[in-house]
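First, the structure itself, so that you have it in front of you.
Chain naming follows the written order as A, B, C, D and E, and within any one chain the residues start at number 1.
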């Protein structure tokens, strides 16, 4: 645990803290919508962390400008591609969760998941 | 010297029992041998009713919500444990981050021969100026194929949950509730939409088509077009959009895009794996019609993303196109 | 005489039994003839095989790696197989009569005959895997017999029965795994198969596994902590309780314990270790516990079931002495107790069949109305008590000789337990006999006027068993020699 | 490069394309397409399996013109082809078994969506089995999760929606951790391809430079996948999800979906991290302890259950505990036992779910134990199938359960401190299994006069032809696994040999 | 010559068995009692069987030699008959007493009913007793010991009342418990002795006995307690006081007189013919045995002293008198042994007489309690005179036989170097003799001198059938006191062999 490297990697530290916030929200919040918000925080923190992996000081985005094709000119393109894919995943998952929440709300008129399951047990469905 | 006690109390003393055993009148073992069998367990009606009532009371006790909310120790315990778990998780991550390779340093293990080849001969191999698009749609095309199918399956799931076209009655009632809150023909929104929607659409198309030349691509362009459509729907209501965007069109559009994407990519995978020369020309770098399939793929992905965005919004609002 | 006949002997009854519900019998007589013929044929085949002892083994089926279902006839197996083969036809004859007024007989006889084959399978198993497979099959096949009457407590008894059986098999499974790993071969080799090079330092682990495996297999022999299923299984029809819970199933458990102790783990490896101490303690407790519960039990079948619990632990006591003499004593008590107990159960069965009375205090004056049944019951009672001149004394004598030869403190304690339980046996058997023959001065015989002896199908097995008890009581020298010769090979 | 080597890639693409194709089709046509696709994929997997068995070593298939570290690739060995074949067969049987329920319970216009879910689920399973790249694995894990959630909620009553929500929350937690693990691994090793990562990991292991992040990555990935495959402490969503969804989705979920993640975890252990690094990292012990707890607690909660579907669901929590206990032993034999148990559990669990649905059909569709008394007489084939399933679960010889218990016991012996807890847990959980399965079997075969009550009817074998056929095939599969287990165990051993 | 041994054993057993089978048949026909001439035929049959068996036994006792092995109970141990000194003595006294009481029972049994069942078991027990006397090894003796218990139980429960059945069950279980303690000893003796056949002086294998001495001592002590149960020794004596009041008088006479002596015979065989006297001499077993016997002697007479029921009083007296014999045996010295043997003979005949007299009182005037008996002398002088002579013999007044045996016992106690018991034994014997006087003589005193206001009552003595056996038994009980030499000579010959 060397503090100097942590100071140098502060953006990753921030993304980890964001990830933890999102994770605890998803775990602890009673309200479903807040859980989904927590989920999105977690995903964005993930993609921040991933994007940081590719960053190299003093280099520009990997679009070939005026024929220059040397490695020193551009940053690492792979994390960028992965982030793109990740974003699409989190969009679709959030959409699914939101539609589930809508259906639950229409049926039980509450967003607290524990209450929903006690109601179900009571009905003995 | 010993007090004289009555006959009955004497009979109960231990010495009397010993005397009995000694003189042999009574044997502690023999009489127990021939016990009668016990009667079977029977429960009177009253007891049974009382037991039923108690059970019902207990059930209500368990399922009464207010009391559950304030279940005191268990909730707090759960909360404390979770908070502790998150804290130690954060500290674990921070420790891990402190050991990670320094940010932005060129010598990081991530900058090995893989990105080097992408950058150095990405242009020659894929024909795409934007190396990231080249990587997504050509080098690691299988992921992106999976990606678009994630979108597709998410839409299917949402359709399962929210689509109402099954029963007409519910659809009308949903429609009524939908338009109840929206003001009819909100003038400000309509005029702004009239001015803004065309440039959005054009810009979206530009981004999709320019995917392999500069930043942009199917995903971002599709998102822009989707947003434009949603604005248009908000402004002019469902009658206008139904003219050109109905469930059938969406269905066929989505299938067309995905089908073409899948076939194109499987052609290139098949030719690559079997080392057959693929006949698709890469074209001159920088020109619109360059970099082989990437353009077509970008268009397909754009269509899929736009359609998905619009479907999500429509489903959330009305459950029908 | 090749060993294929072993497989025939095992599979024929299973097949014959399975076909019973499907064969369209003209009437009940034809079914009886079919079943009795099948069982007799198997018995004859068995005795022919026993007579000329085929040495080589017969592999029925090889299903995984070195695991295979294979049969081989050796000393211990032939004793148990001989016992089962002798008793089964007589028990089937008896159950024809008994099952006349019980319901759906076809299913009953189906499982009853299949159990015969499976018990022979256990007896003739060559290695521990085959024995384990047939052991599990036995628990499952006997389950429908236990819940045959389908009353509420029959179902509950069946449920307890199956929990104990499968639980025992689960713990026995650990022993099986150990033997497969640490043993040189999975076959039964007199003197044990464990190769000590592999075991090396962790002896205690092997001993702990042996204790678990012993308790696993002897749950079927109703050892003390797990003996409550046997009296509960008394709810089944008498041929089941008599044959299965006094002879086949419980003896299969004892037989499995013998095999595991002497032929897998090896007696001299286990002698003198703490494992022997633990197991001996459980056995001695069962001997006394079984009898004390029997004395207090007023239901006749449950009383005999508790007495079986205690007598089975006599057999286990012999096994646990870990000496060849101990094994001989165990085998002798296994055989003699089978004869004595099955005749006692059949007498009780006859009483229940004729009069439907099940409790001891309802038996006043039956001695005069059913003299044949109660004379047999008295003889089996005396034999159980260990009166010299009958089979019980001989097996007790062999067990005690082995215990004396072992000479440890626990062995002497075992002898004391044997005698205490003999005294308690005297109490719970003689009270029935005295009540039956001397009902007392003012007892009017009109109340039991309808009671009379059952017909020949029940009396024949009883007489055969009584003759066997007296014969073994009078001249058992040759039998004890044979047993000692079998176990001396250890 | 023979044509047969393309078949794995073609099977993935066919299932993917049929997924999108059935979106434009009606319910009936989509069903037929799904059936055709599944049998085609099964046939292709069989041919690949025979080919690889013949050559005896695994080969790599480049997806696209560029070799491995740059482009994607899939790797096909004996184990992968065998698992693919087995999964296709089981899925085929599960879907066929549930045709009647699908027709009854799903709304007409949403039938084709259901078959889309099944197609894409099969595609993601195949991709998970074959892929050699971590990020592709993550993408197809996502497809797997969403399609599984789709399968759960297709029946759309209150219970399934709530179960789907719980399932999604837990799975998203799991995949979040998985992605984080992959990022850490990428950052530390620089590669996404499994074999390249392995070399980097060995360097790290030797030099000890990035040890902590590597350990954290392994921990994250294991816990993530454990959450997704419902290991003990994270199994809250499982009973509702399996208990209330339609028959074929419950069968598919319990036997295949969680097994996909487990197979990915095996690949990560073997091919990404390498076995020696795993053995001295503490992660394996955690999985062992969770596995043991799962075995016991799963069975205990199954005993308390009063609904047959939920009871069978809880029993799969216990069986997954068995598999993770196999991992926890961290020996070659342990992994082999777990893989065999994956196969045996898949076959037995789907059989149990199908027969449970057959039983409830004949008892007024109520899953309450009280109504099931005597169901064995009403629906004879379902009764026999359920008995065979429970006997296999209990470990009755000649059935698959016995062989997997034997392999577990042999793996556990001689393994230091882990041996005794494993053996005792094995014995105790067998006893507990016996308690709740035999209780049900006895209840099925106690006769009950139900002539009068409505909904209680005799169901003959030929009434629901597809389900009976599926049940018979699964019973046969169970027997093949039980009796003919020697070649299968040899195949797994050979597969593991060339797996690294 | 040796196969003759089987005759006196088999004859009564076979006749008894036939009676039982015929009993089962006629139970089937009608429940009414047997007619007059049937009873007569039964009496004749039983009488001739008794006489024949006695004649054969006495012939064997007189001239019998050699041994007979039947079948093998256990490998290496046959059912083995052998005629030796102690066997002769016991067989002789068994058959004399048994026949006399049998004849008495002919007239007594109509009072009880179910004669056929009684006489059937009566004969079977007689055969088993003869076999027990002549048994040659410990296992055979144990076999007939258990058979005797099982077959004598029906004698006790003859009248079928609930107490009778409970008393017989108690008798059965106490003797079973005793038998099993004996069996426990038998196992250990089998392990440590060269052979189980009785040889005077014991067959203990010296180095084996030295090796596991403690367990062997425990075993022998268990045998003493076990077989002592039948002889009414302290821990297992409780069945005697319950069994006697309910049993018919001839049965209780036989029970306390003859069967108690079977217990003594068993103890004698184990101590002197298997374990060997010098093994036990000086060991804690001997001291414990002596204390138990003396305790029983004293307790028995003390309880008898206070007991109102006449037959129970006699039962307590049996408990104390038989313990005299066991005390003699426990001293392990030749004279004490002779005293014990003498007392066995005399006590058997005395106790039979006393019980038969009690039977007469019950049959004639239905009196069971002692305080009802005042003035009985006026009504039945003859019976009471026999009672008086027998009680004098029991107390040990010089001219009668009791004095001789008590004298030898006291002599033996003083002679044997047993420390404190040397003098304590005779003192207790003396005190108990006084107590015996205390509980027997008042009956005679009150019988003959009931006091002034007793109405004179006509003299009708016991019927002939009962009076003659009582007279015969009194004669045998009292006369040896006068001419003891032949008996003492015979017994001293046995004693020399044993020590």
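Basically, a residue touches a chain if its C-beta (ideal position, glycine included) is under 8 Å from a C-beta of that chain, and two chains touch if they have at least 3 such contacts.
All figures in this text were calculated on a predicted structure; none of them were measured in a lab.
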Measuring from the mean of all protein Cα atoms shown, which chain centre lies nearest? C
Considering A-D alongside A-B, which chain pair is linked by more C-beta pairs in contact? A-B
Specify the chain most distant from chain D by Cα centroid. E
Most distant chain from chain C, judged by the mean position of its C-alpha atoms: A
Measuring centre to centre with CA averages, how many angstrom lie between chain A and chain D? 28
Approximate Å spacing (C-alpha centroids) for the pair chain C, chain D: 44
For chain A versus chain C, what separation do you get between their C-alpha means, in angstrom? 68
So which bits of chain A are touching at least two other chains? 19, 23, 27, 53, 78-79, 85, 89, 92-93, 96, 100, 103
Chain C residues counted as touching two or more neighbouring chains: 427, 431
Two-or-more-chain contact residues of chain B, please, as numbers and ranges. 33, 93, 95-96, 99-100, 108, 110-111, 114, 118, 140, 143, 147, 150, 153-154, 157, 161
What part of chain D is in contact with chain A in the complex they form? 135, 139, 142, 146, 149, 153, 156-159, 161-162, 164-166, 168-169, 172-173, 176, 179-180, 183, 186-187, 192, 240
Residue positions on chain B within touch of chain D in the complex are 92-93, 95-96, 99-101, 108-114, 117-118, 125, 138-143, 145-147, 149-150, 152-154, 156-157, 159-161, 163, 165-166, 251-252, 254-255, 258-259, 262-263, 266, 268-275, 278
Within the complex, which stretch of chain D touches chain B? 1, 6, 9, 13, 16-17, 19-21, 23-24, 61-66, 69-72, 107-110, 113-114, 116-117, 120, 123, 127, 133, 135-136, 139-140, 142-143, 146-147, 149-150, 153-154, 156, 161, 184, 186-191, 200, 210-213, 216
Chain D partner contacts - residues on chain A that touch it in the complex: 19, 22-23, 26-27, 32, 35, 39, 42-43, 46, 49-50, 53, 78-79, 82, 85-86, 89, 92-93, 96-97, 100-101, 103-104, 107-108, 113, 116-117, 120, 123, 125
Sites on chain E touched by chain C in the complex: 24, 27-28, 31, 71-76, 79, 139, 142-143, 146-147, 150, 153-154, 157, 159-162, 165, 168-169, 172-173, 176-177, 180-181, 183-184, 187-188, 190-191, 212, 215
